[in-house]
Amino acid sequence: MAEAKAIDGRSLVRRRAGLRLWLSASWLGLLCLVALFAPWIAPKDPLAQDLFLGRLPPFWMPGAEPGYLLGTDSLGRDVLSRIVHGARVALAVALIAGTITCLIGATLGLLAGFLRGWVDMIISRMIDIWMAFPPVLFSILLIAVLGPGLVSIIIAIVVIDWTRFARVVRAEAMAQGAMDYVASARVAGRGRPGTMVREILPNVLPTIVVLLTLEMGIAVIVEAILSFVNLSISTDDPTWGGMISEGRTSVHQAWWVLVFPLVTLFLTVLAFSQLGEGLKDRFDPVLR
Amino acid sequence: MPFLRILFVRLLTTAITLAGVAVIVFFVIRVVPGNPIAMMLPPGATEEDIARLSALYGLDKPMITQFGIWIAGVMQGDFGTSITTRQPVLNLVLGRLPATLELSIMALVMAMILGGAAALTGTRFRGGRTEGAIDVANGMALSVPDFLWGLVLILLFGVLMPVFHISGRVTPSLDLPFTTNFYLFESLIRLRFDLWADLVAHMFMPALALAIPLAAIIGQLLKQSLKETMNLDYVTLARTKGYGETRVILREALRNAALPTLTLVGVQFTFLIGGTVIIERLFSYEGLGNMAIDAVINRDLPLIQGIVILFAVIFTGVNLIVDLLYTVLNPRLRHG
Amino acid sequence: MSFLSIRNLSVRLKKGQPLLRRVSLDVSAGEVRGLVGESGAGKSMIGKAVLGILPPSIEVTEGEILLDGVDLLRLPPALRRKRIGALAALIPQDPLTALNPSHRIGPQITDRLVDILGWTRANADARARELLSEVQIPDPDRVLRSYPHELSGGMRQRILIASAFAAEPKLIVADEPTTALDVTVQKQILKLIAGMQTRHGTALLFVTHDLGVVSKVCQKLSVLYAGMVVEDTSVADFFAAPRHAYSAALLAATPKYTDPAAGLQPVPEAVIAAVQAEVAAFDRRAAHG
């Protein structure tokens, strides 16, 4: 009975993991499409204000106006259209900031973990210093220094979050470097850079891919947080964080201004991290 | 001897880390565009006014000189004067610290209770649906950061079922008899349970938002090590003595399973403290983090420096304590 | 009337292979029965079933375990635990892992007395001191306050023996209690268990793979192969003339008792084949019946 159940349970876990992977990937894929074709999908101009149409409720509630599916904010801007356009900023930040952070962080971690010595000393010490900063405060500071804008946000994320990759990749590279196959590659006459790229990197790669997926989710959150404290893009451009910030102040009068962008953000962050966790299970030969 | 050596090395690296933080924060914020002095003067102030005030705050000197003056001051416990409030930075920062500490510790306690309960329940009913449900809940809680949980909580318990306050630390109209800023603690000492309840009603949601991700980590780790412990011989022996499953978990397994989890919780606690910055903002809670964001917006350079340094001291301090605790506990673990 | 009576006990991996095949055996009050067999023969499984500590992946498919006349398998779990806790005890195999590292020794001996049997703490403490002297531990007061990692393996096994006898159980299951110990310590511990057993008149189910141990401690003997009892006899008869071919081969394989110079003999393949055929025949009958 137990064995059968264990087998059933395991395939159930695997099925559930597969389902999780597919759901996350579909949501993110849908989001990508929405972001790409935002001007054609959005029913209204996300910036168009109409004070006569302020705080319209979503379509199923009394007082709703046709054409404003998810209602309007206090300035009469269409919530759905703003969410659709906000996806552009969110995904741009996720993809660009995530990738650059990954490249820089993983490279530094690989160098530190493989070369050891003074390189490791310097990089580890930098990681220690970085870890002593409260990350949210650090990013707000950087935005204050760099000025608002998409590029600033991306720079801030890269500057702060490279340690996430560097720490893990360094530890993995150190563990891999101690294994026999690395020594035998060296004996076979492979140079240090060759060993690092050909022998160590492929074994660390799954971890890096998982971290990258998780980092994209984090990047979306960081953008939202910065928008929330009004330090992101200019306040007019629709961002989920900016919408949440507005919604937070008028939550008692018009909850939908907060709820819809929040749900979108929540699902997106969840999708990125579930994608990462799902990939982790996939790469892991033994199920947890 | 080895313990002293470890202590020495850790103190040294901590000092280097703090020095690094000081250097970085000092020079980074001085690249901030926008003259803080110009911002604090009323419109129409003359160039001379600006120059005079800049000289007063030492902002006219070369950066290296400014850094030297600041560091010399810090060494004597003088963190300079806040530009916006014109009060000593140290007083401002220490005045807000208790609020943030109370919030963080409350969140830590909540995380331990929630995570511990999840782990114990999951272990008690392991292999069944209950454990599966707990795993799914843990996965969700871990996937979403404190900021989003805070917003969700605001919607649930601030709007949908308004049972808790969604902003502030205490109801402003209340008369506070406190002499320290540890309101929560002092209200208990003074037996003012009415004030205590009001403080908790304000603190509950921000603390819970901070606690949820950490609770999930505790839940996962503790459950895993509990389940491993439950297969050990001394647990089996206890079963033959007549103890039921629940008592076996609590009496035999919990203490041994908790040690490895506790050391990890220490490190995670620093992440939680880092999270207070945005959570305090979200709930308009008057702590360090909220003051920090205001300081950045107002370009209050001395105040920013002071807050960042204080956070760094707290982070490295917590890490140091955890590391030392681990080395102290280790000899006994080795025999486990 | 035997104190422990196992009737036709069958146990298997849930939906999997059988581990015990209709095992029957009796242990009378004050009697010592050895359970021998190769590793995997199911001898520890019998002890675990009696004490109610079978792993969750294993289930009982048929049979009875009568402890003092009451079938444990028919009792609700809480009552079963209480009954086992009051009447039986375990001397575990590995003294290094069988004591909880974060509790002091004292409570680990007295916990059953206080929590399950309702003794007062003072009585239980006095009993623990008395027991430690009986197992020849010097300075009992210090030992009671120690943590397990402060004591040697032999010392810990003495403590576990004392703890097993604490509640004056009528039956003790000793699960290879000397296997994990130094050869020099093994003899002392064996002597200690035998002495305690005689003094307290406790029935003992002694699980071991060592026929030498059996000849010293036991009166009765069950030989197991693949979860089947192939021989149930008195120790004297067994060493004089084992009836089953497998038992004879097992006895022959133990060098000391026939020719010490011959060294360890493997059980002949023909004997293995024969006993495996018996197991297969049993399974066929079980499948049809």
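Note that the chains are named A, B and C in the order they appear, and that numbering of residues resets to 1 at the start of each chain.
Just so we're on the same page, a contact is a pair of C-beta atoms (placed from the backbone, for glycine too) under 8 Å apart; a residue touches a chain by one contact, two chains touch by 3 or more.
This is a predicted model, so every value here is computed, not measured.
Chemist: Using C-alpha centroids, which chain lies at the maximum separation from chain C?
Modeler: A
Chemist: Of all the chains, which has the CA centre nearest the overall CA centre?
Modeler: B
Chemist: Report, in whole Å, the distance between the mean C-alpha point of chain A and the mean C-alpha point of chain B.
Modeler: Whole-Å distance between the two chain centres: 23.
Chemist: Please compute the C-alpha centroid of chain B, do the same for chain C, then give the distance between them in whole Å.
Modeler: 53
Chemist: As a quick test, compute the distance in whole Å between the mean CA positions of chain A and chain C.
Modeler: 58
Chemist: Counting only residues that touch at least two other chains, what does the list for chain B look like?
Modeler: 127
Chemist: Can you list the residues of chain C that touch 2 or more other chains?
Modeler: Within chain C, residues 56 contact more than one other chain.
Chemist: Could you check chain A for residues that touch two or more other chains and list them?
Modeler: 5
Chemist: Which residues of chain A touch chain B in the complex?
Modeler: 5, 9, 125-126, 128-129, 131-137, 140-142, 144-145, 147, 217-218, 221, 224-225, 228-229, 244, 248, 251-252, 255, 258-259, 262, 265-266, 269-270, 273-274, 277
Chemist: Tell me, which parts of chain B touch chain A in their complex?
Modeler: Of all residues in chain B, those touching chain A are 13, 16-18, 20-21, 24-25, 28-29, 31-33, 127, 139-140, 142-145, 147-148, 151-152, 154-155, 158-159, 270, 273-275, 277-278, 281-282, 289, 292-293, 296-297, 299, 304, 307-308, 311-312, 315-316.
Chemist: Under the touch definition given earlier, write down the residues of chain C that touch chain B in their complex.
Modeler: Against chain B, chain C makes touches at 51-53, 56, 77-78, 81-82, 84-86, 88-90, 92-94, 97-103, 111-112, 115-116, 147-149, 160.
Chemist: Which positions of chain B touch chain C when the two form their complex?
Modeler: It is residues 127, 232-234, 236-244, 247, 251-252, 255-256, 332, 335-336 of chain B that touch chain C.
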